[in-house]
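In the two assemblies presented below, chain A is common to both, partnered first by chain B and then by chain C.
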Partner chain A sequence: MKGGALLFRAVLAGCLGVLILAPELFIGLFRWLNRPDAPPIYPYDSLLWLTVSHLGLVLIATSAGAIVAIAAAIFVTRPSGAEFLPLSRVLTNTGQTFPPVAVLALAVPAVGFGVAPTLIALFLYGLLPIFENSVAGLQRVPEQITEAADGMGMTAGQRLRKVDLPLALPLIVEGIKIAMVINIGTATIGSTVAAKGLGEVIIAGLLSDNMAFILHGGLIVGLMAVLFYDLMGYFENFLKRRLGLTGSGD
Partner chain B sequence: MITIEDVSKIYGTMVAVDHVSMSLEPNSITVIVGTSGSGKSTLLRMINRLIPPTSGRILINGLDTASLPATELRRRIGYAIQGHGLFPHYTVADNIATVPNLLGWPKARIAGRVEELLTLFHLPPETFAHKYPHQLSGGQQQRVGVARALAAEPELLLMDEPFGALDPVIRAKAQDDLLDIQRRFGTSIVLVTHDMDEAFHLGHRIAVMKQGKLVDFGSPTTILTEPKDPFTSQLTGTLDRSLKLMSLKQLADFAVPGDTIGAETLPATLSLRDALAEFVWRGLKVASVVDSDGRQLGQITLDALLAQGRRP
Partner chain C sequence: MVFSNRIDRLGTALTVLGAGAIFWMPLVVHKANRIAAGQNRSLAWFLESGPGLALLIVLLIAASAATFKIAPRFRFAAASLLILSLPLTLGMIATQLVQGSPAARVSIGGSFWVLLTFALLMMADALVRVKLTIARRLMVFGGFSVCFIAFFASGWLNDLSVMREFAGRSDQFWREAAQHVRLSLGSLAIALVLGLPLGVFCALVPRVRAAVLQTLSLIQTIPSIALFGLLMLPLTYLATHVPLAAELGIRGIGATPALIALVLYALLPVVANTVVGLEGVTPTVRDAAFGMGLSARQVLFKVDLPLALPVILTGIRIVLVQSIGMVTIAGLIGGGGFGAFVFQGINQTATDLVLLGAIPTVVLAFTAAVLLDAIVDITRSSAP
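What follows is the complex of A and B.
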């Protein structure tokens, strides 16, 4: 990575750290945005705690989504499950087109307020990108390679573990990256049903017309998404290089 | 010894392989030729059951291949395909070790075998063992593919157009390496190719397929001189059949005693075709035949040479 790009990322990461751990450093900016009588920094909860809780929700829901999506992708790309591929596509796509607010509204009567409806919504949003990418990755394993694996006497399970999954991994990781980024943003609406997260700061800002809160919460969420996307991109490229997919290895 | 008994493969209404019966001699190379779509690959893949036959049986040393679990059968049969199919995320050494690993060989035995094969294929282990396939040239990848197919010391090796993607120089080298290795290990090989020169160069037996049927099967000389089907002559080509015939014979077998003082020398390992080329190039009427140590085996005259290319 070039020096300039590295410096830019370091600055972004530094800003994120300050916004979470020492927002007082930006107090001048926040004060300038607000009416003089409004608090410039969210006073009701520690931002570190909100960030941890926010990321925790995203991680739990996306991991669960990843497990289900990858398992489903494996199933529909085996000969025995091939007929379920179109159906499963419809299901995951429907999950995605449902507005998140509607998912919450439907989930709350069933599971109550708090963490549960938010996890359900985030789980559903993570499914589609991970499923689609995993299916594409598994289908794109070159036929010569699968034929060689079969021809040498690998069982179906051995081929899956030793050949299909490792070769599909870059695309699966990309799917997880997309799901995480979507969910880091989407998790903010969890605060409308009382799940702890950074949405709380933004919503408080909207309700009390506090520009500083909105900007503060929004910046943390946005920076986390951008930095996470970037980091996973590097991981993906590393995997692709390992597999010789980019040509120039070392 | 492989016996193919009345084997057919039918896809819907498409007959890919049509009642093929043949016996393959052990320790020999059988080459299957035929036009595209004639069922060569299908027949080959039925031997290791990548494709289940619609009817018929295939026996290896008297044992019906259908009586073994498919994975066990395949681990005992080497398989090399065009474009090699190497695993891109495995090192060269791990690629070669695939089947020994599946068979649960001890680590030391696997390492020894990998090193032996790399050396045999002119890929020094210290340089190549830890490389990844994408770091190799096409010719090197192909050699690793064949080494991998031979790793578990199979008695039988199936090859589907293994040299199809190589340039002519590398291809000739790969063919000679294969002949060396076949002689050294005594492996039986069934090889599919489009290239008739390759078929004549490698094959002890040549099988000709047309629209799923086996229309001819015999030694290269028989195929050339006594074709059982017009399609065979079409495939072998009639224009240069005399030269093809001469390419199957070695100078060593035609040297006769005679006065060769002052005559130019030719190595005994030369084929008659290559010897003829030398005669033409150097304007010879007679040549002295010598072995690799320069010892004289006899002589051959231009007339004697030409007689060997004549219709039998």
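What follows is the complex of A and C.
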């Protein structure tokens, strides 16, 4: 079972690599899907560059979002910030009712077309799940443990660094995983406001009725998201096991 | 320091930022016609006119209610006043600016959105503190809905450029609205028909559960545009090669791939919450039901599912809010819905057109969230 699952992932990763680096290997399939006069492979930009740019946007925006969200979560779970906690809950709840496309489109008049509106939307969408999970993780630290830490004479800062944050880490990583996956999708839509990314290939396919582009772009983005999710899940389980939080048997 | 105890830190932060927005950001952007360069006008520019002054007074009341620690219900009242005054005064300011010219455009500026957001935050904060009952919460929501529908229907806001875009496209607007609702509710209905039995099955057969839930969460990770695109392929094939499919209206582009993708995304919350809800039923309750002579089928329908209902409804809430947002992307593949305006607006760099799609989407999602939250709370409190 374990070996089979590993093989399956290796095959998916291999497909992803070929689709990005050597799409010519699939040229027969792409040509078969298309009208004879249409280009079978996206000719306007290298797929490697689009992938790098796509992932770059996601990583930059999610990292910034993670820093702000974790800082905010620490603040609202300390006694001095406790009065902000109920409101922050409402905010994260309501924030999710805003569709990403709308945020993208509305950022355009403020900052212009291109990378900037996409980064803003990705940053905002990354905040919500990371904040939610960080708050949950920090609040879930058992009282006996915090009391023991206090009893050992730890200052509030020491307790945060040595007890609270390490125990909350698996949930925080889960939040980052969710944010990453959402952002890989939102960055795809970013191509409608002229950010460089893989959405460009799919949208070009939609506009020119080119099935090969749609399949090619869709497969790369889809595989990337799935493999990323899987990888982060492993990391999360590794952290949990190291902390002895679960006896996850798989 | 008696004084500092009476200062609300959150409210003060909002007031300072709000004051900054009033100074630095335009309240409206005025254009002589649709393509002319816009002139930014901040609130200061309108202080000599009635509506501008009225807005300033309301802002001062709201600022003092926010800064000092006062009873939440007063703070709620001040926030409501501001929320209702903002669109009303803006509509009047727009009417003054356009001076009857049909070509002139008055777009909503940044400081309006900042102030509206802050007023909503202040109201949310007050509501969280007073802990309203379900009925009261619905009454507040209903009251605001009635007010906004009245603003909208009375023609008070008609000189704002968003409303001018609406006036030029009202037929299409209602068509897209119907399509948006149809796609979100339709996908939910299909997902329930498929997902509830699947969830019950997963709860009964633990060996299937992990595989089903893992597959469904993998599907959720696929970005929507990619999934829409990937579904177009087989559907186009069906439509061109199977005459019956084409007769049924199945086509590669448009609503069909959107609907299928929405159903696929909706399955995870439905199935996962059904499983969690059923697992949460205490075994002793089930034993008692069997002891009373109920059949397995009766136990499922009369004990398990009713007890799991609040958790299942929470799943439905997640699905509905998620679908309403995601339908906007269907606009990109010709599936209709409010996304059609958003993408048209992006292509023409017309913010007002984007707003014409975005505002109703957010309103729809928010309404669904409020109503379903209330239903979840009702089933929770009335659970046996």
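One rule holds in what follows: the second predicted complex is superposed on the first by the 244 of 250 C-alpha atoms of A that agree within 3 Å, B and C clash if a C-alpha of one lies under 4 Å from a C-alpha of the other, contacts with A are read in each partner's own complex, and residues count from 1 in each chain.
FYI, a residue touches a chain if its C-beta (ideal position, glycine included) is under 8 Å from a C-beta of that chain, and two chains touch if they have at least 3 such contacts.
Small disclaimer: the values here were computed from a predicted structure and weren't measured.
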Is it chain B or chain C that touches the larger share of residues in chain A? C
Does the superposition put A:38 against chain B (first), chain C (second), both, or neither? neither
Going by the contact rule set out at the top, does A:202 touch chain B (first), chain C (second), both, or neither? second
By the touch definition at the top of the document, which applies to A:87: first (chain B), second (chain C), both, or neither? second
Pick one for A:163: touches chain B only (first), chain C only (second), both, or neither. first
Have a look at where A:145 lands relative to chain B and chain C in the superposition and call it first, second, both or neither. first
Quick check for you: in the superposed arrangement, does A:214 touch first (chain B), second (chain C), both or neither? second
Can you list the chain A residues touching chain C in their complex? 33, 83-84, 86-87, 89-91, 93-94, 96-102, 105-106, 108-110, 113, 181, 184-186, 188-189, 192-193, 199, 202-203, 205-206, 211, 214-215, 217-219, 221-222, 225-226, 228-229
Inside the complex, what are the residues of chain B that reach chain A? 48, 50, 70-76, 79, 81-89, 98-99, 102, 132-135, 148-149, 158
Chain C to chain A touching residues, read off their complex: 9-10, 110, 121, 124-125, 128-129, 217-218, 221-227, 229-230, 232-233, 236, 321, 324-326, 328-329, 332-333, 339, 342-343, 345-346, 349, 351, 354-355, 357-358, 361-362, 365-366, 369
Taking the touch rule as given, give the residues of chain A at its contact with chain B in the complex, in rising order. 142, 144-145, 147-155, 158, 162-163, 166-167, 242-245, 247, 249-250
